[in-house]
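Shared chain: subunit A. Partners: subunit B in the first complex, subunit C in the second.
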Partner chain A sequence: MASTRIPPSPETQADATPAATSAGFLANKARFRFFGLTLDGCIKAFFGGNAVVAVLVLTLITIFLFKEGGGFFAQNRANLQIYRQAGLEYVDFIRAQTTGHTALTHELSDLRLRQFHRLTEAGKSLAEANAALAGFDEFANQFGDAIIPLRGLLSDLTETATALKSKFATTENLKIARQQLLAAGKTAEADKIVISEVNFDAELKPLLGTLPAYQAASAETAAKITAALTVKPALPTPELQARLEQFKMLAAAYVADFPAVEKNLRAWDYRQPVPFFRSITSFIFGRDWIAQSSWQEWYGILPLFVGSLMVSFVALLFAVPLGIGAAIYINQLASPAEQRIVKPCIEFISAIPSVVLGFFGVIFLGENLRLLSQQSWLAWVPGFPFSERLNILTAGCLLALIAVPTIFTLAEDSLNNVPRAFKEASFALGASRLQTIIKVIVPASLSGIISAVLLGLGRVIGETMVVLLCAGNRIAIPDFTAGLAVITQPVHTMTGLIAQEMGEVPVGSIGRHALFMIGLVLFFLSLLINWLAQKIVRRYRIAID
Partner chain B sequence: MTSPTATHFAPRPGLGRTWERGALWLFRVATYFIVLCGAFVFGQIFWRGAPTVFTAHAPFVNVAFFTEAPESLHVFAYQGEKMELGDRAFNAFKAAHADAGAIKDDSYVYSAGGIFPCIVGTMLLVAGSMGIALFLGVSSAIYLNEYARDSAFVRFIRLAILNLAGVPSIVFGLFGFGMFVIFFGWNVSLLAGWFTLAFMVLPVVITASEESLKAVPKGFREGSLALGATKWQTIRKNVLPYALPGILTSSILGIARVAGETAPIMFTAAYVVRDKLPWEGLEKWTDFFFQGVMALPYHIYVVSSKIPQNEYTARVQYGTAFVFLLIVALIASTSIVLRSRLRNRYKW
Partner chain C sequence: MSAATLSPMERLPAPPPSSPSLAVAPVAAMSAPAADLPPSRPIIDIDHVDFFYGQSQALHDVSLRLDEKKVTAFIGPSGCGKSTLLRCLNRMNDLIDGARVAKGSIRIRGIDIHAPAVDVIELRKRVGMVFQKSNPFPKSIYENITYGLRLQGVKDKGRLDAVVEKSLRGAALWDEVKDRLHASGLGLSGGQQQRLCIARAIAVEPDIILMDEPCSALDPISTSKVEELIHELKKEFTIVIVTHNMQQAARCSDQTAFFYLGRLIEFAATRTIFMNPSNPQTEAYVSGRFG
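On to the complex of A and B.
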């Protein structure tokens, strides 16, 4: 019995082989099998499994970005809801009113500064200039003081609302703590936590009760401003006089808006629910990104998105002409020796790590660009002179250096793919070299060049270290009214903000989820750019056969 | 005077001709402007960083800079002399001089000592992530090039690889953070950094490997198969040996990318400062993988943005950037040189 279980020894197997071959094909021989696969099949499956890794990683990226970022909208809605319930929204109506006044006083002080310069340029001493502006100052002070009653009311209301909000936050925290205790099975301790629900109706009473006080303060402010506007200070030049007239019109419009604010305050109801789409629109179109604020947190991606676009735009402005020009030169005009030397040199630039470029920008380029901008012979350049060392221009210049090798290499490739016959035919027809390049070679490879530019854009918009170090990191939509000078303003970018804040936001907080949302936006933006680049190459490729 | 026959075919001078020449010069200027910009960045960092890295007397290299950990620099005046000492030297000095207790010193973080832990950390990160990336990348390339037939599935994989190449590195960082650091609970660790970097560089490795595999002539495979070898035997004996040098050289470019990236390791693997070297103070051997490290690119970020700029800090800033740039440039140029060598070696 035992002998039958012993596997055949190697000798018997070897003996059996000739018989097997004679009996049938070798292929029928029993082989190693695993899950019904032969050894070769296993190896194939193993390699195939590894190949799926790319798909898997892409899927996992999507899953994890959604997992971490997905909670954002619900949290943001809660964030907006408490903004309304605790009366912060109510207070912000009044705050907007005072902010409008502040903007107007800024305009006045700017006006005064100009007049002052005008007067001192005309040769008057400082004292004389101040004396000449005494009438204007009186007017400005009168206008400036008009807001005092409203501002006093505002600071009181701010305190009330903040207190209510923090009370609500404490209750929520207690609830969470209780939940955790219950989950841990500590019922006795959980019962000890006394939760008193916030009664918004009662708590908001004092806030809403200030409406008559607001009406009085608002009326007083309006009366004071109107009174101030009747004064007519004389200004030295007609141009400034015109600006003052314009200011008066703006101020009158500002006062005329008061009833609308009051109407808003009357109509305001904390019970009104915040619809879910508001959470989404406030993310996409929100103009403020204020994380970790004692008043209210806002998560609007617009300033960051615009910042990223502006920086990339400036970078491409430099990189596209340079990269494509160099590609044309190397591919069409350079001698073979030149090609062999210059091409690796440009490709080598892509090996400079971005953090080194960022470092270079912080320590060298930023300061030197600023000094250069202050040269008087360069004053005609828009935006010059500027005082911010780190701004869109600094980051853009360095990003251009990152984009150039990408654009150059890909554009050169696509120029290289244009058949010789095109060029020869063009020359045979008597076209010059420039004509051939512009009318034949470039159009024939245009799809490749455009996709090169797009991929360069993808490279630049996803770049982190350079913009983090050199873009200035001020979260604000740049002031486009400055015209071209906008490129000398500091901005913050999507990538930069993620890198900067990721280490600071606590786990599970709305701030962290918001950062993952930005990551999601970046991810899909890069996929879109990639997809467009491929599509353009495929769609507009010239069939050469 | 030239003869009429010579001028007959020569281009006639004129406005158009001048214009053309100007335009062609513009292309040339653009090309050399780029080269100059690149050279300027290199030159500036080499020029300013060299004094930190090299010394005027033997052994001509600042050994301490390469072998010590970053320290704070203490600058003070003692008995009319200006002294600059690192942390340890400063403490020793205070112990040696009884009257030194009252010294008022200015201290500058990270400005003394060296960058040894950063170099070690970067090397560990590169080695681990390239190991993972090469394993995954070469296997997928073998599948795509040797086994797969053109099917919807394979097209999908190729599309995924292409798109993976375009994903910004910070998104890889976020992903690594969400998956490895938080979800798997690895915390900020070597392992999390390895996988994050490996996935980032995967498309480069796959594309490079595929190209090298494609360069091996079909006849090699057919000959082997005709002799009765199995598919795997063919690949192992007749394809991979010829493709391997190409795979490795092209992958060096991937190494340059891995070594140079900062964003993916910022929240997955890098510490601002760590006293211990990676092999010190391990309780059990698995701890090695679950510890954060210092890394050169992150150190550059820290010293260029988190500390004030003055003559004392500039030395370490430029020195670190110099070393880092040198390492990455060496890796990249090795790849370029090896690739051109390789092109001449096999001709079939």
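On to the complex of A and C.
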């Protein structure tokens, strides 16, 4: 009997939306059977099915991320291997040496600028000031020119190494092409491709042969710098004089390091294989992310990771006091009328699309923050004035807006869960409202508040549009020596970079796999944050019950 | 009670001679003290109080004078306003929106507690409260007891330690918890938690302790412990206890007030209320024929 009640055509069942079917359920309540399932069974199957779909999707995403990201490390190892084989690593030893010199000359020009200001402030004309600095300029020029021999050598070596690398790349491409032809069964065409393996040993000979030239150049540079350091230009103030002395010590230390560079060059061997863990460590601890380069590509996540953390940190700096303060006010102090107005307003913020916030940041907030920072009466604020319109601060302010509703709502919930009896007990002992809030209500809901903050962090770390538009997108670890001013520097973030690059990287390329690795890092970061938040909340529940 | 412990109350400003809440000329309409008791100093003087929750009136013209260092029991059927009156005494009803004493006055040691100059925080230090459901803070036993004192700015460790021991002994809990003073107060049994709340209330040395059905959630043994405790506390404190348990009222109280539908029906010595009530409603209630 029951079987005749089964809707006859399977198509209509498949088409039926859940709502429609459930309406059907109501009509045939008593006798309904669906593939032998009762009404309860169907409802259970429907909801159970949804749960299964959720788990399935999560699994698929995880597998997909691992599959796409997993290829990265092998590719990165090959990338590092060719860096060594083609002699780029060798050349970079010398490059590091010249970079050290460049940093020192920057310091010198900074010193000069300051002196110049002192002099003009003291009423000297430009010509007079320049004349007074003639001694210093001579010193600086002498120091600056000292690097010329090394630099000449470096540019020659760079060319050699680049040529060798591109030769290798061509060979590899040919190999791939032949492989494809073979796979397609076009043996004749494949055979036409002639591949001559790169003979690194022979190709690197000229490069390694420059060692005597390097020794000569390095010695010349060292001698010139040492000679320059004996000159003692006089500076207008003791403070700057002290800085010059410090500079001289740095320069002396820099020269003292030359033998170490030479030792590195001698010890260098292109045949030494790059261990696999280097591929991993260079990703985790690498300080450069350079995806397109004629020289060498680097995939170090550190600048992006630090960028994401900095932006989120600044966001939380604003959002935590705001969100928690508002939650305490609304939950404990506000009148019902205020509650009715403020609560929906805060919750509405989360309805603003993040691209709109980002847009607002680009065309309004960034520019106005910069103008504000240039007000002379705000000069005491660390980092003010700043010149970058888009920076950590701009992005952080907007991300704070995104985090506030999350933190507010969850913190308010947990304040709400504090038993009323605690509040009454506190009042009955002669506590004021404020004392009750600080000593009883907040401590009792602390775990809930902490997990609210954590989930707020999860929310901003995963946020993409705002940081892409407003963080300034400069891939570099911000300069923490600047102190608090660090928050006025531009950064790039993990999410921002993925969004920016994903459309441009070719399938199968190392760049694409690297982006998926970032995705994996983000995925696990969010997982960790959520797990922590849940753990904390659970502990709190047990404590209260 | 020493003069020193009374001083905060005495520091309360005297009420203005004609405060608005005294509009009904209280002296003339002063209620009689409980009949057939030797006259003693009234500490709480409730005078023609009408109380409203928003629009609904919960107390009708209640007048009552409670004596110092006596135990007074409030009895009556559910919803008759016992808790409401109790919570008026330390102005806990202030926390409820729209709750107000519309008429009459409540004086403690002669001071109108609704006078604008009265500091409600000071009042609550003098009038402690123990709730129906034990509600220790989710803190250690030690912190629970020192909470009130710390609010008053007491930091001296020696003094706090002494108060913790004195209060726990006073609440007959010392021997059970002395080895785990820094364990959570929520880890105690229900009866112990309630005694902890009593210890917490007496730690600030109030004059008056209000107890709203303190034993209703306890087993018989814990209940009898709390009852013994009330006997002890009576030596130092004035106690007002709300109870549904007739035996309890009979056992621990000196005087009893019977309420019905927001009105005070009868107020007399406990023995009189239970043996020889003058009002038939009282008689019916205490003999268990309604309620």
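Basically, the second predicted complex is superposed on the first by the 492 of 545 C-alpha atoms of A that agree within 3 Å, B and C clash if a C-alpha of one lies under 4 Å from a C-alpha of the other, contacts with A are read in each partner's own complex, and residues count from 1 in each chain.
The criterion applied here is as follows: contacts are C-beta pairs under 8 Å (C-beta built on N, C-alpha and C of every residue); 3 or more make two chains touch, one makes a residue touch a chain.
Predicted, not measured: the structure shown is a model, and the values here were computed from it.
The wider contact with subunit A, measured as residues touched, comes from B rather than the other of subunit B and subunit C. In the overlay built on the shared chain, the residue A:Pro443 is in contact with subunit C alone; subunit B does not reach it. Of the two partner chains, subunit B is the only one touched by A:Gln534; subunit C is not. Shared-chain residue A:Ile61: touches subunit B; no touch with subunit C. In the superposition on chain A, A:Ala219 makes contact with neither subunit B nor subunit C.
In the superposition on chain A, A:Pro336 makes contact with subunit C only, not with subunit B. When the two complexes are overlaid on their common chain A, residue A:Ala163 makes contact with neither subunit B nor subunit C.
In the superposition on chain A, contact is made by A:Pro419 with subunit C only, not with subunit B. With both structures placed on the common chain, the touch criterion links A:Ser432 to subunit B and to subunit C.
For the contact definition in use here, the residues of subunit A common to its subunit B contact set and its subunit C contact set are 432, 435. Looking at the complex, you find that subunit B touches subunit A at residues 11, 16-17, 19-20, 23-24, 26-28, 30-35, 37-39, 41-42, 44-45, 135-136, 139-140, 142-144, 146-148, 156-157, 160-175, 177-179, 182-183, 199, 202-203, 206, 230-232, 256, 259-263, 266-267, 297-298, 300-301, 304-305, 309, 314, 317-318, 321, 324-325, 328-329, 331-333, 336.
By the touch criterion stated above, subunit A contacts subunit B in their complex at residues 39-40, 43-44, 46-48, 50-55, 57-58, 60-61, 64-65, 67-68, 321-323, 325-326, 328-330, 333-334, 342, 344-349, 351-360, 362-364, 401, 404, 408, 432-435, 455, 458, 461-465, 468-469, 495, 498-499, 502-503, 507, 515-516, 519, 522-523, 526-527, 529-531, 534. Subunit C meets subunit A in the complex at residues 90, 92, 95, 97, 121-122, 124-125, 128-129, 131, 133, 135-139, 147-148, 151-152, 184, 186, 197, 200-201, 204. Of all residues in subunit A, only 336, 419, 421-432, 435, 439-440, 443-444, 543-544 touch subunit C in the complex they form.
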